[in-house]
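Input: a single structure, listed below in structure tokens.
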Amino acid sequence: MKKPKVAFFDFACCEGCQLQVANLGEDLLDILDTIDVVEFREVMTEKWDQGYDVAVIEGSITNEHAIEKIKRIRERSKILIAYGSCATIGGVNGMKNDFELNEIEAHVYQENAKHFKTVPTMAVSQVVKVDYFVNGCPIYPPEFITVLKCALAGLPYHVPDNVVCVECKINENICMYDKGVTCLGPVTKAGCNSWCINNGNVCYGCRGMVSNPNENSAKDVLSKYNISLDLIKNKMNMYNKCRELNKNEKDKS
Amino acid sequence: MKNAILKKEKLDDFIKIMSKDEKVIAPVLKGNQSYTFTEVKSADEISLKYLPTILPPKKYFMPQHETLIEYDKRNGQKVHCVVEVEDLVIFGVHTCDLAGIQCLNMIFADRPKDMNYLIRKNRITLIGLECNSYCDEFASCALMGNHIPKGGYDLLFTDLGNYFFVEINTRKGEELIEKTNLFENADSNHQEELNKLRKLKESIFKPEVDIDKNEIPSLFKKKFESKIWEDIGERCLSCGNCTNVCPTCYCFDVLDIPDLNLKTGKRVRVWDSCQNEPFAKISGGESFREKRGDRKRHRFNRKFRYPVERYGKFFCTGCGRCSRTCMAKIDLKETIRDLIKEGN
Amino acid sequence: MEKIHINNSGYEIVPAKIVSTRKMTEQEKIFELKLVHGLSLDHEPGQFVEVSILGVGEAPISVCSSPTKRDSFEICVRAVKDGRFSNAMHNLDIGDEVGIRGPFGVGFPAAKLEGYDIIMVAGGLGIAPLRSLINYIIDNRREYGKVSLLLGCKDPQSMLFADEIDLWQKRVDINFSCTVDRGAPDWKGNVGLITSLIPNVNIDPERTYAVVVGPPVMYKFVIKELLSKGIPEHQILVSLERHMKCGLGKCGHCQIHNIYCCQDGPVFSYNNIKELKGAI
């Protein structure tokens, strides 16, 4: 069997996720046995100009040039994987939407797009069709491997719609709230095996919120720890700002 | 039945001798007043006075992740059903948690039997540890009648000052005593001291909620449409903590994990929770317990009513873990009290 | 950790070969399966099996053929959007192998229905489990009274088992009618809800069993109509769909109050579940 051709591309991001892949170690060798990496900025330089079986995209879409580029990649790829919070949910780059949305018309990325140099930060799926999502900032390497296996087997991957607490309790961590520290686990999508908490950190919500978070109750819980409402809002928005673009879209239609 | 005593200073030898042949598991302080069952090699690692552990000992009977089958389809479909087992002695299990294991036994022995559970269970030796007083204010073991031992152990330790009174409940337990050769026979004085403690416990442990236990199932039936479920639902985060930590919750998910070659792999089961949003959703998108309140009501009914109707057994041991762990402060005893208070 | 192999696990699968396939609509495909070593599935009409594709997963699927057909059995699988198992199943072909567990659950009590008039009501994919009963009854036609079959689906293109329906329609010993939610230019049959077919059936309520299978929304309305005809509650049978994982009454996904749908169902008589809020 011919090995599938896989390419990695990055947009606006810190390239931390590529680093995660480059650091996969032994697993990486196994992966390289099954795929052909044709473009990977972090570790290779040669350019491939034919089609890709799988394109792996990192980073969010923040300007015209990026929109054009991602569209071209999509055309040339059979399967497109968005990985990392920037690509899957807009991530931290979405924070800019808070400041600039006043200046940029909400409809800017439609017909008059070319008059503007910058566009609101968008997740990749807000521009082109995405087949697989690997959330996280950075990605959780075992999940990336799971998704890669799904892509190679032609199976859909469903990002868990349970919250991080589920995995956290299964790992028998002491709850951060019992330590008197706040944690975004109860509203954040699972799938990372709660690795931050396993390593003594709080969950800062990098995988984005579950589809139906109980935000009100989560705010109540947080507020018992004497945190101001603004801070709570910021905490929740840090990775989830780009959700609003979808909401606006829905309102329009 | 013969009983024995173990001087406290000999506990360390007991643990050490056992741990030469088998893994010994016991409650250990993890930090912030949180304890876990984990492997120990000596007695000084063990917390003899401990709050119910984060996860109950069910994790050894029904592990969080468990392989059910291993497959290989490089040459036709080859499948092996597997059980991952190991010989364990679990020391220091409170009576509420022993009751929890008895609930699980009932479920997995019910037809069709779950061989993975049953085989594993037979490889585990259980040494109970009686509570002389309440662990904390979340407990409701007296309401459920689990503050006193009711079987479910090979040996039961009761702390009587400078020695443990040890009830020998099984031949397996007796063998441990013979093997370690550290125990003395209990005489009538020891028995007398045990009786005194039990008497004292009667004045300490009182049903924590003012209701006849046998009335609880009908209370839940009557209160099925109560607004209380909606109120709790508004607070609940669907985090699943209350079910993961519960000694009697046994729901699971089954999924395949292929290897990178995509030809070999395994099918596993992992703990799941009825509190999770996708738990009862079918492919058309319909969810049969869509609202958080529906799911909370389901959990409570699965503790206090459905299993009583189906198996003749309450599936709440009174360990208090669900209330202790809930960030939204949804409290089991309070909920029952609210249901009672609401009247008709 | 020691690993032991066991051969009495509830998760053991029996390999089955696909011996024929038939694409019925854009979404639905029928697979005829044969268990290895000439084993017979030996199911009751209305029971289901857990079908495995190793590496993909398992899904509960009704056996849609009658147990009177013994050397092979059939399943009808709908490819659901983003569904892991169902789409992988559609990619399989003759000669490929799947794994089978089961049959599971309580099916239709075909023997108990003998001597009664039978009215069967199927909506959408509900025809799949019901077909096992229909063909069973046809093969044992003498034992039953009047037999009526009422079918409903979205539109004529999504009609399942169209070739068989043609045959059923032509039989004198079956009273057949069918309706679609949305017609098509060449559709000559009824257009409207399935409930609209019930008034046309001549029912002797005391000696009639009604069997209803369809999407969740359908039950309430059909049952109401059947009750208004005077059919006793315990003579109305339904088959319920729930999320299922183990099929063994353990995993909890299929639970309705104190009932495990996979073991105690999927077929229930209405009087046993009408008090269970959310069941219907």
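Details
By written order: A, B and C. Residues from 1 in each chain.
Assume a residue touches a chain if its C-beta (ideal position, glycine included) is under 8 Å from a C-beta of that chain, and two chains touch if they have at least 3 such contacts.
Computed from a predicted model, the values in this text were never measured in an experiment.
Set side by side, the interfaces A-B and A-C show unequal numbers of C-beta pairs in contact, with more at A-B. Once CA atoms are averaged chain by chain and compared with the all-protein CA average, the nearest chain turns out to be B.
Chain centres here are Cα averages; for chain A and chain C they lie 41 Å apart.
Chain A and chain B, compared by their mean Cα positions, are separated by 38 Å.
Chain A has residues 153 in contact with two or more other chains.
Contacts with at least two other chains are made by residues 55-56, 83 of chain C. Shared contact sites, meaning residues of chain B that touch two or more other chains, fall at 258, 262.
Across the complex, chain C is touched by residues 67-69, 71, 73, 76-77, 79-86, 107-108, 110, 112-116, 119, 224-225, 250-256, 258, 262-263, 265, 267, 269, 272, 274, 279-284, 286, 288-289, 294, 298, 301-302, 305-307, 309-310 of chain B.
Residues 30-34, 36, 54-55, 59, 64, 234-241, 244-245, 257-258, 260-262, 270-271, 273, 276-278, 292, 325, 327-328 of chain B are the ones that touch chain A when the two sit in their complex.
Put simply, chain C touches chain B in their complex at residues 1-13, 15, 52, 54-58, 80, 83, 86, 97, 99, 215-216, 241-243, 245-246, 248-253, 255-258, 263, 277-278.
The touching residues of chain A, counted against chain C in their complex, run 153-156, 158.
Residues 30-31, 33-34, 145-146, 149, 152-153, 161-163, 165-166, 169-175, 177-179, 185-187, 210-212, 214, 216-218, 220-221 of chain A are the ones touching chain B in the complex.
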